[in-house]
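Common to both upcoming complexes is chain A, partnered first by chain B, then by chain C.
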Partner chain A sequence: MMRLPPFARLAPRTLAEAVEMLADQGPGAAVVAGGTDLYPNMKRRQVEHHALVDLRAVEGMRGIREEPGGGISIGATTRLSHLAGSSAVPRALAHAASVIASPQIRNMGTVGGNLCLDTRCSWYNEPEDWRTAVGFCLKAAGDVCRVAPAKSHCWAVASSDLPPVAIALGASVRAVGPGGERTFPVADLYRDDGIDHLALLPGEIVAELLVPPVDGLRVTYRKIRRRGSIDFPELGVAASVRLAPEGICEAATIVLGSVASAPVRCREAEDLLAGRPLTPEVIEEAAAAAAHPAKPQDNTDLSHVYRKWVIPIHVSRALQSLS
Partner chain B sequence: MTVDPSRTDDLAVVGTRRPKIDAMARLTGEARYADDLSMPGMLVGRQLRSIHAHARIRSVDTSRAEALPGVVAVITGRDVPIAYGVLPVSQDENALAVDRVRYVGEPVAAVAAVDEETAEQALRLVSVDYEPLPAVLSIEDALDPSGVLIHGEGQGANVHKAVALEFGDVDAGFAAADLVREDVFSFAGNTHAPLEQPATLAALGGDGRLTVWSATQAPHYLHRALARVLELPSSRIRVVAPPVGGGFGAKTDILPHEVAAAKLAMVTGRPVKITLTREEVFHSHRGRHPVQMWVRTGFTSDGRITAMHFRSLLDGGAYGSFGVASTYYTGALQTTTYRIPAYRFEGLRVFTTKPPCGPKRGHGTPQPRFAVERHLDRAAEELGLDPVELRLRNAVEPFSRTVNHLRITSCGMRACIEEVVSASGYHGKKGHLPRGRGVGFAVSAYLSGAGLPIYWNDMPQSEVHIKVDRGGGVTVFSGATDIGQGSTSTLATIVAEILGLQPEDLAMVTADTDLTPVDLGSYSSRVTFMAGNAAIDAASKLARLVAEGAAQRLGVPPEELVFRGGQVAVRGDPRKSLSWAQAVRAASARGALMTSGVYWAPEMAGPYRGSGVGISPAYSYSAAVVEVATDPETGEVSVEEVWIAHDIGRAINPVLVQGQVEGSVYMAVGEALMEEQSFRRQGVHRGPSLLDYKLPTTLETPKIHTILIEEPDPEGPFGAKEAGQGPLLPVIPAVAAAVEDALGVVVHEVPITPDRLLRALRAGHRGKAPVIGPASVPSFEFGEPERVQPPVGSPAEVAVP
Partner chain C sequence: MSRRLLVLRVNGLAREAAVDEHHTLLEVLREDLHLTGTKHGCELGECGACTVLVDGEPWLACLTLAVDVEGCEITTVEGLAAPGRPDPLQSAFAELGAAQCGYCSPGMLVSARALLDANPSPTRDEVRHALAGNLCRCTGYEAILDAVLLAADRDGSARAAAHVAGGGDRGDR
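Entry: the complex of A and B
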């Protein structure tokens, strides 16, 4: 890997200061937290930034707190290893954090960085020489998509592990920007566009992840990857159900990661579950439907065909574990 | 005084479990690897690499790079125009491409600058005018008569090496068979991925001599190549191999950056260091060849092999490297495990526009071993025989000769088989585990050192010197490189045993062409056997000198002295003794205490061209049983447990042998399930990083039960044979067999990725044959084979050292 290119590093002490610095630096500046995603991408010259606003020293942005009205707030610079080891958060969320990357990376990587992780593609997350040899692509300096050249759309993959389970938990993010702060559902943070995948307003910084009280919701997260550590998800399946006492599913949320440029909600499958008991037959039916909205492309390690094939299997297993 | 290195009892340090003598240095960071070295005024070298899989170089303009402040020199192919290659028959590579590039990542120019950033920036200022040529990415492409020629102009087949040999009458063998079976197999290419990225520091001394510190497994071959390419007499070049952080074959070839660093040091007059980035290591490669194989074997109804015809097609990449040897190796060792009365081998290596393939742990033999073992499993099925029984019926005999003139001496294969089969409970498990779980079994053999050096010469294959100072300090000089396998510790243990000292007492000087005598290098599992025997020779001579001095002082004949526990004592009368230091003082009064030991392999080559490949003074044997857990719905496989027995002859240090066995199992699991050096159609590597290239982690590493079979080899040092490569071989076919047992899918190809396995399982659900593997191999006209008479008179004579 090449070395990092030169850039200015700014170290604000408050969130307000961070927002101001980011605005001052103008386009081409970005925030950095753990740097576990951003720095390798900069070393490979996928992105260039003349200035980085480092959030690590921002006060009050790190840590897990119980909210006065119930629920939990997880500061954006909370480390993944902290989240993974926390008993204050829903088990599925801690589990999702525990299967991200490797122990060393979890010690540096943050929750905010994970939520805002750049989309990935096997034609993009490559060194500059490599991309020079193949030709650049839409996402960086090129004019064609190498995966699906016919369309001028980028299919880079939303590959972070926390968003699907955060959505299944009904979590929100609080973002702070030059125009003030706003709180919105995690799902609304994403756009299904591999290039412009975050729906943050210019200059906005994610301040915290807000998880509502679990309150009987059953939640799970399954991660499919090549090896037991290090690897990004080839498929992520988050599911939550609320069961009535007699076992009838009152509400279900199924979210797939790594099959599009944003987490994918499986509404058809969710509807199939609503009002029915989680019997093996119902689960199979819903699992088959869950694959419908997913259109994986051939841009991760395992083939898109394989990833499509195994969606129903893993959705089914996820639902079984909740029934 | 007598030393009997084959004595089986009464050993003081040989056979004891102890840490490597350099363990603490390596653990604490005290060991200085090539990239840790630094010198005043040192420049950083970087290489500009081709972005084309195949192109003519019209011109290279370095002027803008040279003008960049901080850049001291820029060189191109014109500055190092002499081609080289590790094998004398394949002098086809230039450190920097001269008029053509043949793979993405091939070095085209090199810069030396004051720091890495400046060097990187300079590379961007070098402009190369390329005329792209068609990429050639497969064996089929390479053989297409209308395709381009990678070496040379025009069209034709890109054949690097084609061999066809027949030993005995194969047709008659097939005619006598009750069953003749054919199968095809494919083995993907993969790479070594050593932890230490290769690095080279070169510096010209005030005396005009060039010193090159390089992470190399074979300083001697690098020394020779540098003399040739730099047009310097060998005597003006010193090559030093610092501790090496893993090799597995990646550092046996002469690598372009080694030459570039040396040339830049000469041009600039300043020290220059080049360290490859991880991406560059994937370009540098020299790893496992992708091989397609076809095999036909005749069997009698009771399972005895009557004849075998084996064909292998190797995708060699852009240059020769060790490829001629690799080609022969894909055909050489089939006969070392099974009695094959008639054998025909056809091997082909083609050039393609990809990084050159070369030797990786097992060099050219894991692929055919995979094919032969799986093929025997198929035959066992068809014959209704147990796979273990089929192997036992065909097992080679110790002290015999194979049909292709290999001399087999000690052979612990039967013991290996019996041990793993019983320890694993194989027979109770095969076919009886719940669906999704399965067991597989396979055996193999490997060389303890190649019988011949890679360039013809009649000098010893290894020399060891020992010098003793007047206080009793012993310094051992050996050209062997410790690449982490522990060769330095092993040599120290051997010398210590003979002198009655502790390995930690010795000073070890290794792999430095100014200071140490020649050892051909740490490849082909040769160091313990060959350097070990040279060390025995040197130590025995030294013991004799010391004994003569001590004998005079003690008033006994030297033959009555024994060396033990730091004492030189009269046998049977330990009170009559001198301390080692006193004995040394007595002996020093008679002259200098300095000895040389040598090792020559016995003459073993058969009466045919290519017979130098495959011969070895001894073969190690291994057998493995693998148990897997699979997911029948998703095609995921996990190797749960491996039982492996390895016929080591004698474990000089069981800890190190076990380490080699476990490391081999680890690497085999990666090759069986996930590792693949593969390329996109543009000829670029699919993922030149340790994230994308899937090496197993500790979580994928199974529980390993290592069983060592110790039946001393008559020619091995204290009876030892190799451990570094052989144990990899049986594991890959055994994993495949276990997956078959678990799921009923036929596995004739590795790696067994979830993608491939699920595709086969789904084909099975649709009523098709569930198979992972090729339908055929590319066709090639080998022509009439060279016919070789099998050896007459089977017992093999053993050279007693």
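Entry: the complex of A and C
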């Protein structure tokens, strides 16, 4: 048996209690929701926590609600299977949830856990004895990056499916911590650093994902992975466009997942679309530009050359589906 | 890091065990309750060998703390058969060779049971999606899909027969 290391489990009933418990436990404590990311990582001894604050029983943190202003609030402990089956949320978001992992993991895993997923790397997500034999790395216990040894930077990959489409929808996150609460765009939750990839303040907990009214925005999400199930994305493409009545693109957002330690916005491609009709030529031009900001490294299942090469193909298909 | 006396409802019975809070449901089922039908494969969420039903939904016992499912109804493969009468899924698996080494079968069976309870006459594609988290190294899956569809068929006929006879809802389990 591959067992979890011992830890103290705390089960708060309210978010305020959770924040307090997390602060009391000090550094080295963490929150856990579905555990489908954290427990495997702890079993492989990638991370160590002396205490876990379990969010499952926190009241009012689970469920999908329509907001008075017309948007939608998705509580952080809402399970992925619930999101995938919800007709209250934008279709692209439900679709992104439905292609995460497997049915069992979608029954257990949560929206908050997905937003806060640890970054992944083929040198890191390995059992401890494997890493002991091959050598540890910067992200855990080592002093060199095995992917790009020349730099002391970690390139572990932001591999969750919801963030790109949440950004394309213009969604925000409400986080609550010892210093109070704040609401900010989903994109600002991330930093392009494989080790310190979340911009949460110490002790902050994600309480909900806030999706604004779709209001004519067309949104899509495409996931590229090795098998049709279980696998993490090798590339995620989220795109949204707002079209004027004559088919002119008024605004576009294109976000790539799994190509860096944070979701990547394709600003150059977005600018190429603005004010133009979504003709095949315009789409091809934008799709080619979308690959520019992506620098996948050789640290996932499929080669970085392939992952870079297919970006324009999938951005183009995403945009075609919106035109 | 404390040990707790836990009462779990497993296969319709209240089972008591003194468990470490960080122990998974898989450890508790196999090692404390000696229900070894639920298998351990990867223990990292990737294979589905440890699948059990929690309040009727497929969950992975290897990534669930036992303390997190106190108060839930847990069904393992041992809970599928009525005494002396296998679940129609078990009969169909045996008849069609849907189990070779059999290591994936407990997980496949409970995932399939959850599907048939929610959707008694699924399409082949729906079966495929429902079993997408259960890996099999032996069969190539086709026999498993055939068996689930056969069991669904028989469930349906049994229900129809029970209906004609004016009997209850389900005479099959």
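We take it that the second predicted complex is superposed on the first by the 322 of 323 C-alpha atoms of A that agree within 3 Å, B and C clash if a C-alpha of one lies under 4 Å from a C-alpha of the other, contacts with A are read in each partner's own complex, and residues count from 1 in each chain.
Simple rule for what comes next: contacts are C-beta pairs under 8 Å (C-beta built on N, C-alpha and C of every residue); 3 or more make two chains touch, one makes a residue touch a chain.
Since this is a predicted model, take the numbers as computed values, not measurements.
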item: Touching partner for A:9 - first (chain B), second (chain C), both, neither; value: second
item: Partner chain in contact with A:104 - chain B first, chain C second, else both or neither; value: second
item: Which superposed partner A:23 touches (first chain B, second chain C, both, neither); value: neither
item: Touching partner for A:56 - first (chain B), second (chain C), both, neither; value: second
item: First (chain B), second (chain C), both or neither touched by A:1; value: both
item: Touching partner for A:230 - first (chain B), second (chain C), both, neither; value: both
item: Residues of chain A contacting chain B in one complex and chain C in the other; value: 1-3, 228-230
item: Chain A - residues contacting chain B, complex; value: 1-3, 122, 126-127, 129-130, 132-135, 224, 226-232, 301-303, 305-306, 309-310, 313-314
item: In the complex, chain C residues that touch chain A; value: 1-2, 20-24, 26-27, 40, 43-46, 48, 51, 54, 57-60, 63-65, 67-68, 111, 129-130, 132-135
item: Touch list for chain B against partner chain A, complex; value: 49, 51-52, 104-105, 116-117, 120, 277-279, 633-635, 674, 680, 682-689, 691-692, 694, 696-697, 699-700, 753-755, 758-759, 762
item: Chain A to chain C touching residues, read off their complex; value: 1-9, 34-36, 39-40, 43-44, 54, 56, 81, 101-105, 107-108, 228-230
